[in-house]
Amino acid sequence: MSNIHPTAIIMPGAVIGENVKIGVYSIIGDMARIGDNTEIGNFCEIGLESGISSQAPVYISENSLIRSGSIIYQGSFFGKGLKTGHRVTVRENTKAGCNLQIGTLSDIQGHCTIGDFVRLHSNVHVGQKTKLGNFAWVFPYVVLTNDPHPPSELLEGSTIGNFAIIATMCTVLPGVCIGQDALVGAMTLVKGDVPEDVICVGQPGKNIGCTEKIRFKDTGKPVYPWRRQFHRGYPDHIVNAWRDEFPNG
Amino acid sequence: MSNIHPTAIIMPGAVIGENVKIGVYSIIGDMARIGDNTEIGNFCEIGLESGISSQAPVYISENSLIRSGSIIYQGSFFGKGLKTGHRVTVRENTKAGCNLQIGTLSDIQGHCTIGDFVRLHSNVHVGQKTKLGNFAWVFPYVVLTNDPHPPSELLEGSTIGNFAIIATMCTVLPGVCIGQDALVGAMTLVKGDVPEDVICVGQPGKNIGCTEKIRFKDTGKPVYPWRRQFHRGYPDHIVNAWRDEFPNG
Amino acid sequence: MSNIHPTAIIMPGAVIGENVKIGVYSIIGDMARIGDNTEIGNFCEIGLESGISSQAPVYISENSLIRSGSIIYQGSFFGKGLKTGHRVTVRENTKAGCNLQIGTLSDIQGHCTIGDFVRLHSNVHVGQKTKLGNFAWVFPYVVLTNDPHPPSELLEGSTIGNFAIIATMCTVLPGVCIGQDALVGAMTLVKGDVPEDVICVGQPGKNIGCTEKIRFKDTGKPVYPWRRQFHRGYPDHIVNAWRDEFPNG
């Protein structure tokens, strides 16, 4: 039993699970595979043909929420619990783990590999061939580029480590590796690799030391690795493991 | 008498004033309160449920113009004369005065307080808890952030003073206060407060003196406070008061 | 014979060529002039009234592809082979040559002159009065501004030369001229003119020498002018001329 608005257009090849809700004026293509308990908002296009690749299914796994105006092409896979903002665009050949969040207006250009529990905030641009590790955070207006000599035929995505954070309005240059638990400050131009646990800031970005020196003003406790102190939206078994890892917060 | 396109979907709880125009394929939710003489373009969603807060009305006051593809959640209030570009997003619990303009693709994340006659140009991102004073200007690709240690549970919006100007592609860090009539130059990373009438530029932003030194090349007259010389789109009684305040322009 | 979806709304004054495809829930206004063999995706608005200018046709020439969610106002002309991404916005009085590409979410504010084969990537903001030369490239999150003293009544667009490249997330200040074959590096604030063949980087941008010093790591061959080595998507007669111009690549 699903709840599909009469104005939604469902192509005959689409496969739609149990308890799915599809909003007003949305278009679900032949190659769409929608998991159980998923909600698709208004004005969405799921399973859009790319015109480049041959036809391939796009899997939106169970318990997902696609907000209105979003476009997801054919030929990608999203693990369960995908949540998007409004008007996101995801092109073909994107492989994402579970519980990905993609903010309003963000654009994933395809051919990307994305881990579990990744958080892309609003208006993030993810170039082709980007690799995002588990629990990585990318804040608004960040661009992850991939062409070292624009325009050229080279294509070198960046690699963002597990738990790494890229703050607002950074540009990450092609092929850069940002290490696990690293922190890139707002408005940084990241030209070279950032080691694990290191802070990178400036234009061009410089590695200025370890994240452990950043403390909360009121308590003096360390902020990073952020899983010490930020648990909102993660499941209990994960939060419990983090509490064991950092018993003093 | 209103002019509602037959493809628009008006939920039964919506309250719609006199002489309202609603475009093609727009969706007006139960909690929408649309004032007289307002025009809502095509593909809009007004009164979207947030899924977080409880149901609350959203007031679009009289003489407003919402351009196509815009999304406005429940639980906000906009004074009369709101004008939006295309595909703006405004989340719940936003309180705005009269004559707000929000440019194409701009995103107000909710829980914001906005004065009268504020101008947000295209693609401005306003984080939760931001306060914008009367007559403030924010230019394209500016991000007003709010989390001092991303990701954390802290939430410190910035405060933008009356008549202040933030030029293109700035990032304003959490909790910053930008004074009345201050000017932030293009591509500035604003880390600290900017006093009244002061210019802030660079990365990180530095306060480099008073706005009064900026002059028009041709006439030698001062540019700022901008209400000396820029009057387009403001009502006569306001412009007349500005002319009295600056009789020599 | 055209292929117009039954949910598309075609106003009676629209002129639609042969073999045109118009997608689901799109709106084609009275002033739209759609050339042969053109495809218009879903949720588009073509020929939107500006509310400012008087009614004037918008010409989408033959062999064009407008992807879903795009908005094109009245009163512009596009040469053949226009391709857009999703949700682009183009306002009135834009004149573009052939084979223009406009990436997803890009916004052309109107009153612009655009040459042939120009490439605007995603999320590019082109201010009014901008002039873009033939074969110019503009990468994501670039803003081409036009008001030297915001807000003022002055309006000075920038001029981007033939084959010039503006990399990701630059701001180009009003009235700036960027020369033919010049290269602006990522995240540059371009305050002054950039001569032909010159590299400009930094904040504020500095001209740091000639593009000829940039070489591919593996071959040692020069990267720029880029038409030496990048030919994807250009017609044979143009590529052949470039091969004659640079016989050694």
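Per-chain numbering from 1; labels A, B and C assigned in written order.
The rule is short, and it goes like this: a contact is a pair of C-beta atoms (placed from the backbone, for glycine too) under 8 Å apart; a residue touches a chain by one contact, two chains touch by 3 or more.
Predicted model, so just to flag it, every value in this text is computed and none were measured.
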Rotation angle superposing subunit A onto its copy subunit C by C-alpha atoms, nearest 5 degrees: 120
Type of subunit B:subunit C copy interface by residue overlap (half), same or different: different
CA centroid of subunit B to CA centroid of subunit C, Å: 28
Residues of subunit B engaged with two or more neighbouring chains: 25, 43, 69, 87, 105, 123, 141, 169, 203
Subunit B-facing residues of subunit A, complex: 24-25, 42-43, 68-69, 85-87, 104-105, 119, 122-123, 137, 139-141, 165, 167-169, 186-187, 202-203, 214, 216, 223, 226, 229-230, 232
Touching residues (chain side subunit A, partner subunit C) in the complex: 9, 25, 27, 43, 45, 48, 69, 71, 87, 89, 105, 107, 109, 123, 125, 141, 143, 145, 149-153, 169, 171, 173, 189, 203
